[in-house]
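After this come two complexes, each holding chain A, first together with chain B and then together with chain C.
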Partner chain A sequence: MQKLGGFKLPHFFNYPPYFTLQPVRETREKQVQLWKELILDYCRSQKIFVIGLEEDFPLFSNPVIERSLSHEAREVFLSALVAEGRAEWMDKSHKKCLILWLRIQAWADYILNFVKENGFEDSVMTVEDIQSGIETRGTELAGIDRCVLMRALRLLEQKGKAAIFKGTSTDDEGVKFSA
Partner chain B sequence: MRRRPGISGLQSAAAARDQYRLVGENVAKIRTDLMKEQLATFRSQLEEFARKHKNDIRKNPTFRTQFHEMCAKVGVDPLASNKGFWAELLGIGDFYYELGVQIVEICLATRSHNGGLINLQELCSLLCQRRKTAREAVSEDDCLRAISKLKVLGSGFEVITVGKKKLVRSVPTELNKDHNEILEVAQAQGYVTVEEIEKTHSWPSGRAIDALETLLEEGLAMIDDGHRDGKRRYWFPCVAPISAALGAEGLRSSS
Partner chain C sequence: MGNIFVKKPKITDVDRAILSLKTQRRKLARHQQQLDAVIEAEKQAARDLIREKRKDRALLALKKKKTQEELLKQVDAWLINVEQQLADIELASKQKAVFESLKAGNNAIKAIQSEINLEDVRKLMDDTEEAKAYQDEINAILGERLSAEDEEDVLAEFENLESEITLQSLPAVPASSVPSTEAARKTPKVQPEAGLQVEDKEDEVLELPEVPTTTPVPATSDDISTKATRIKVLEEPLPA
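Up next is the complex of A and B:
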């Protein structure tokens, strides 16, 4: 089976009609469902957070069968994710889309869990540390999008589980966890 | 001079008739007895055979098919009743009912993908995947037998032959001759174009489009506008080999 950077592509990716928006409602629903799952799975495995609709994205075309998704189709599939709260448009013209393979709430829970398991309660970490530090290596947090991370941290702050403080530059933005 | 009929003449004629009838009855009785005896022998032979090859019948699909053929030729249907001697001996009835249930499940699970029409071959391979844990192998013949048992339920399970392939229909959609012919053309590549259909069948343009629209509505076809030549292709998941793998995937995620 075809692979994309270690990601195992589903069989429908090689079936040409899945690259054309289907006119019949039931068929379309099935098609959208398959694409939604594929986009989320792929982004998760490759740690992709932002998809640009007008840029090249490996899932949007399949050179093996010479098919690619029209702009309309891309927007339909991503809009379906947005409707489910698994993605957000980053601009009004729908050119960039933030993919939340974990919802913000789930990210916040994940961070809290990470903090507890590694004994970081009451200690300070920089945002940079979380994104690319040695502590988070091998967890879902490694390589997390800054925007997503900040929103999750802010959610934790609201619940009184963390305190974000700013340094002089964005680089030393830090967070103190309290379990 | 002619003799007139007398009492004794009539009596002897009646006696002769009685004699004939008696002899006739005897002969008939002997024949039936013989037949009964032969049938009994045959039955016991068949039982003995079935008993002896019980494991083969259960486990070897080819052998099972041949056994069924043999039974059909002598007018015995091992599936006729689940309570009969055959079921007790072979457990064959249960086997086919089990298959039937699994076939229904597969048809339902793949319906959203193929619109309720599935290739027999594909169905069979999905069935085998599903039964991986069960020891007995399943042949297409077994599938057909199980489906024929499903008919009793009146649920509209039917096997249709399109070209060389057999398709199993699990939706009440009636396919007319035009639809069947389109499916037949589609078997070659998995898809058809309006042009192709018009050319192979020399239909007027409306006819092909009408039939294709219906197939689309029924969820049996999918359109593909992405080819370089710009001609719309109609794909049929029920005949395309790729759907075998896709169906399996759908099944796994739904179970």
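Up next is the complex of A and C:
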């Protein structure tokens, strides 16, 4: 099995037909499904949150078989993800896509669980600490995209489980979790 | 999305202080990394310059590296201070939490105790004692009745036994011709089959201790003393 940055690629990655957008509806649906799963899995393992369509995303081309996904194909697959709610377009022109291999709600739950497990209730953390601090090392939270994190935190705030605040102007944004 | 007033955790000044400290900690850590990078770069530059045989410039690079290292030491110390304060704040807040819960526990005990009146308890114990004393009295009275009857029986039995014993002791006298005192001592134990043995013993008794049978007291004492002197004589030569 081929590997891409430590990620094991599935078999279909080496079949040229999968890199061309299939005309037949049934095969197209199967193809889209496989690619959707692949994108999500890959992003989860590599902690990738944003895919730029114009950029050279390693997943979208296989140099071994000399095939790569066309722009149209990429847009089709990513749109399918957006339709499923696992991704969001960051701009109108569909140039950048935010990949939510964990939905925002799932992220919020994950954060809440993390807080409970480590006894961080009633304590204050800076947002950056959550992103790249020592406490989150080894969890899914390490290296999380700031945008995704803020949205998850705001969701928690709505539920009353957290409060986002800022002290003085030089301070980082902070979060206080409640028990 | 109807509920505007969702219960969010309240942000206190303490929280803001902690946030400041944590931000500072982060900034210092970043500064440390920067300094590390600069130090490494200067070291590398110095190496290159030495290779190019530009000693004075190499020395300059090393001096720069030294100042950066001093600054790094300073930053390290500040970072430790910040960490220390964070730890202290956390400790203080936990102490406060413990104190609060102890206070609440204390109040709970007081509330429960206030429900039990001390006077009521005393009265209850007194009532119980009274009842017990009453019960004991009843027992005593009942008991008296019984023991009065028993006592009569016991007395009767006692008189019976006494008479039995005295009857037993009388037959001993006519059984032997020996001086009464010794015989009286021996006979309670005697059985008819052992009568011969007793007589033999009596003979032996008669043979050996001739001295005790004689009545005059001074004589016995004389004999004893002569015996003693004889022993003394015998003993004397030994120590010599």
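FYI, the second predicted complex is superposed on the first by the 174 of 179 C-alpha atoms of A that agree within 3 Å, B and C clash if a C-alpha of one lies under 4 Å from a C-alpha of the other, contacts with A are read in each partner's own complex, and residues count from 1 in each chain.
By definition in this document, contacts are C-beta pairs under 8 Å (C-beta built on N, C-alpha and C of every residue); 3 or more make two chains touch, one makes a residue touch a chain.
It should be emphasised that the depicted structure is a prediction, and the values quoted were computed from it without experimental measurement.
Trainee: Identify whether chain B and chain C fit side by side or clash on chain A in the overlaid structures.
Mentor: They fit side by side.
Trainee: In the superposed arrangement, which partner chain does A:Gly160 touch: chain B (first), chain C (second), both, or neither?
Mentor: Touch partner of A:Gly160: chain C, not chain B.
Trainee: Compare chain B and chain C by how many residues of chain A each one touches, and report the one with more.
Mentor: When the residues of chain A touched by each partner are counted, C comes out ahead.
Trainee: According to the stated criteria, A:Lys176 is in contact with first (chain B), second (chain C), both, or neither; which is it?
Mentor: A:Lys176: touches chain C, not chain B.
Trainee: On the A-aligned overlay, A:Glu128 touches which partner chain: chain B = first, chain C = second, or both, or neither?
Mentor: After superposition on chain A, A:Glu128 lies in contact with chain C alone.
Trainee: Please state, to the nearest 10 degrees, the angle that the Cα centres of chain B and chain C subtend at the Cα centre of chain A after superposition.
Mentor: Result: 100 degrees at the vertex chain A.
Trainee: After overlaying the two complexes, what is the shortest C-alpha distance between chain B and chain C, in Å?
Mentor: 39
Trainee: I'd like to check the shared interface: which positions of chain A are touched by both chain B and chain C across the two complexes?
Mentor: The overlap between the chain B and chain C interfaces on chain A is empty, containing no residue.
Trainee: In the complex, go through chain A and note every residue touching chain C.
Mentor: It comes out as residues 122-126, 128-129, 133, 157-160, 162-163, 165-168, 170-172, 174, 176-178.
Trainee: Spell out the part of chain A that touches chain B in their complex, as residue ranges.
Mentor: Residue positions touching the partner: 10-12, 14-20, 22-24, 26-27, 30, 66-68.
Trainee: Which residues of chain B touch chain A once you look at their complex with the stated criterion?
Mentor: Going by the criterion above, the answer is residues 112-113, 115, 191, 216-217, 219, 222-228, 233, 235, 237, 240, 242-243, 245-246, 249.
Trainee: Using the touch definition from the top, list the residues of chain C that touch chain A in their complex.
Mentor: 1, 6-11, 15-20, 22-23, 26, 90
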